[in-house]
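Okay, so chain A shows up in both of these, paired with chain B first and chain C after.
== the complex of A and B ==
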């Protein structure tokens, strides 16, 4: 039994490492010189250098703006999306308006279309309103795109919170705000965090809309990666490696910090014991 | 003084009438138990009193004051919901203090009151725990404590012991009764278990299908059911109801035949299992034993009387009859109740002593 267990674990490790290899390659490359990156056979032992990062901050003047844009755009839009979704999901879960199921489906169907299918009308709309290259307008779009999925996650969690809690709050004199934010909200924290992380990853990685309806002032890191890759003639491997490595840090930290909530979030709140 | 009066309340959900013109008075400082099958409207009635629902028609009065449209927070009512609904993110202490905090009571007052109800329910040692570390019975006590911590004159308990194991229920039932007497408040209590109903009640209200069947002191409802539903829904084991017919002053129902004056017609004959005795007590009957439950001091004997099922309670010292044998019994005619089969209303009793 024990050797089968070890074999199983070895296999899992092998698969995990295989999947992690490209990530490891890009992170290692960030500390290599251009020659070391392109060496054949690949160099595993090399003298690490921070020159790539220094270059990124010195030579690439828009890097800081792009990094800040990525953070501001994703955090702001996701905070708005989660707040709106929580209230919407609360209404769906508690008041069960006529046609709740259909509305929920309609909401999700927004996300069934691939981005390129909706980019044209959105572009025309943004151009007509003069909203291009505006942080507020882009945040609005990302929030709109993050809401359907968040409502779905949060409704699952809210359905798992007995309505008796709400009633106990109301009977004892709690206002609606009290019931929603002080009684129910603390009980769906894992759901809020899961919705936050999932959407954060989406907006953090978003390129297409940033490219089309954004502009010089709102460029984010995916944009910088896509555009900067060929900027000096050939493929700029040191730039890609250094930028990608920095780009990886915030989501990895966020996921690491909240990983125990993410596991709950992935079950959509369906596995909950009632207290 | 906190007399609770429901005055002709109706509540409709879509096509179903959950409460149909229910008028009920729960006297001050009394323990009134609402009983009835699931879905009979007892929870809805309590929710109207608490203020979680508004009646479509009728009024709810507490101490003579109309509270029908008063928001729940302003009613002097403490509520223990069916599920415990303890806040998992708060400690037991904060859970109990919750109604007081919301009412913005001063901190000293909260401390004092929490200590008082915690002592009342002997949960003082649990105050710093969180609800998820408590056992079912402890959670229930905390839920009751939270309901009682409110300064209220009326306390509403909606089937608070459902789902607890038997021993715990017995203990909590006793505790709740003592508590009711100590607090000197009016209690309304919904129960789904027939034993719990009889144990807890001072006054009893029987509901079925959204209508009030009978209300009164518990002894009276037990001894003099005003309708067949009151007989059927109160008491354990379940009372027998035999379909029969009265013709020229003689009633025939299943194995029973006895004289009972009154107009001819279709009747139901009610007999409490515990009212049957050994043969030779007036009305005689017999049936084939299908099952015997030995409860220690008593035996519950299930009979098949030519197709009609009959349940009787006999003393254990008489010895358990063998299954498949014929069992004879006698009934005092004064224990045979007659109901109109169409309306379910009581028609009186078979008073005569003539054996069939």
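== the complex of A and C ==
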């Protein structure tokens, strides 16, 4: 039976590689010269060059700032979002206050609206208060945008943790803080990681909100990709390919490292073990 | 709504909230504060503005016009109904393809626990999801290019006629939809794997011992346990697909003609290129109503299925 097994594994690898092919094409292009990128027929074999990456640092002086902005905006906002979402999800799961269902639905409504509709009133509000082009204002908005999904995932996971733990903790004289952070929190670690990664990848790749309510100081890389593409008259393919390739590395590492948490996370707490 | 997530074996007792009012308030306060400042107030602002005529470029203060924006949209200004219909086609066809492909491939990958390099293979498979959509759109413009694009070079090699995929009104919509499917089928694979993980192993073994044919095993055992997560995946995809924007802007900007103009693309243009704030607000309110209707239907179906199952 082992040849059937090998055949099956070869088939799976073929599917994965087929799906990855366009991404591989982008990565290959990042190591090509401008002539090689535009060559017909497309070149699979070529002399790789690092010139595109060198150019990225030399020509585009705002590159490092934008990269830092991407990191700071996504990490800070998602940390805030997951922290406050955990507290809210705990309250929803344990105490079921009146209107829980309605509030959970209302939270989701943030994610239902198309981007321009969400950002339109925020844009007017930020313009009126002079909050545009501010890291704090952008972080707070991204945090709000990451809250609904986090609350949903975490409530699912918290519902799966028996309330006996809380009761035992309280009966033995533990404070609420002790019960929430020391007893319950460690048990929903997969949910916390899943909520963190999913939202992190979203904010990392977010373009429209950054474009509309951000400014020179808060530009992230997707902004640079959308705007910088048209430099040099025509489309600057070497720039796009090199920047995309660098920018793809962190999220790909994240999904490699935290793969099992993503899978468990998407069960919304209905599975305890490994998926 | 929260009832969806109540899949735990031991649901907590009800209405403990009254005896812990202070604690509940402290726990909910941060999220509620975020919600009021960044959602409720802006939404009320949006609602108010939708009854005004207000252009940022004119420098005039907002002028109250009652329901004029709503009536104009209802009468089909800027081809609202056409764009909405096109968006529904995009969502309907796209999510169907992604679900079928995703479930199929998910089942294929199910037995791969012992596969060498499984983690790496799945990472490669999931990579399209984490690629920046703006970059994906730009790069597929390159791949679809009629002169030097890789796809047309392949067609040329096969002796087929070359096609200007994004420039031809008959192919543009489907070319964009194909990229959306490529990007998001991995998400449905992920949801399928998660759904399969929620099936108790004992029941699968029982089904195997009973020699149930695969079709029956799928409907009776897998769907029975996994449908909640699968439906959730379809719901999330439907919501996100309805909002598709960053993929289309670099690829076609809604063209050629209006062939790839989805509602989010048109709203973006009205709000942030033409700065018709009043009109855009009414547009956004209509879209909110459509999204709420879609989500409610899904949740209704989900709860119904749960009650029966």
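Of note:
In this text, the second predicted complex is superposed on the first by the 257 of 275 C-alpha atoms of A that agree within 3 Å, B and C clash if a C-alpha of one lies under 4 Å from a C-alpha of the other, contacts with A are read in each partner's own complex, and residues count from 1 in each chain.
The working rule: a residue touches a chain if its C-beta (ideal position, glycine included) is under 8 Å from a C-beta of that chain, and two chains touch if they have at least 3 such contacts.
All values derive from a computational prediction rather than experimental measurement.
On the superposed chain A, the positions of chain B and chain C stay apart, so the two partners fit side by side.
In the overlay built on the shared chain, the residue A:96 is in contact with chain C alone; chain B does not reach it. Contacts of A:25 after superposition on the shared chain: chain C is touched, whereas chain B is not. When the two structures are aligned on the shared chain, A:2 is found in touch with neither chain B nor chain C. When both complexes are overlaid on chain A, the residue A:47 reaches neither chain B nor chain C. In the superposition on chain A, A:173 makes contact with chain B only, not with chain C. When the two structures are aligned on the shared chain, A:255 is found in touch with chain C, with no touch to chain B.
Contacts of A:165 after superposition on the shared chain: chain B is touched, whereas chain C is not. More residues of chain A are in touch with C than with the other of chain B and chain C. Contacts of A:111 after superposition on the shared chain: chain C is touched, whereas chain B is not. Of all C-alpha pairs linking chain B and chain C after the chain A fit, the shortest spans 9 Å. Touching of chain A by both chain B and chain C, each in its own complex, is seen for residues 162, 164, 274-275. On the side of chain C, the complex with chain A involves touching residues 1-3, 5-17, 20, 23-24, 27-28, 30-32, 34-35, 37-39, 41-43, 45-46, 49, 105, 108-109, 111-112, 115-117, 119-135, 138-143, 147-148, 150, 153, 156-157, 182, 185-186, 190-191, 193-198, 228-229, 232-233, 239, 242-243, 245-246, 249-250, 263-264, 267-268, 271-272, 277, 280-281, 283-284, 287-288, 291-292, 294-295, 299. Chain B meets chain A in the complex at residues 50-52, 72-74, 77, 79, 81-89, 98-99, 102-103, 131-132, 139, 146, 150.
Residues 8-9, 11-13, 15-17, 19-20, 22-23, 25-26, 38-42, 84-85, 87-88, 90-98, 100-102, 104-117, 120-125, 140-141, 143-144, 147, 151-152, 155-156, 159-164, 176, 201, 204-205, 207-208, 212, 221-222, 225-226, 229, 235, 237, 240-241, 243-244, 247-248, 251-252, 254-256, 259, 262-271, 274-275 of chain A touch chain C in their complex. Chain contact summary for the complex, chain A toward chain B: residues 162, 164-165, 167-174, 178, 183, 186-187, 273-275.
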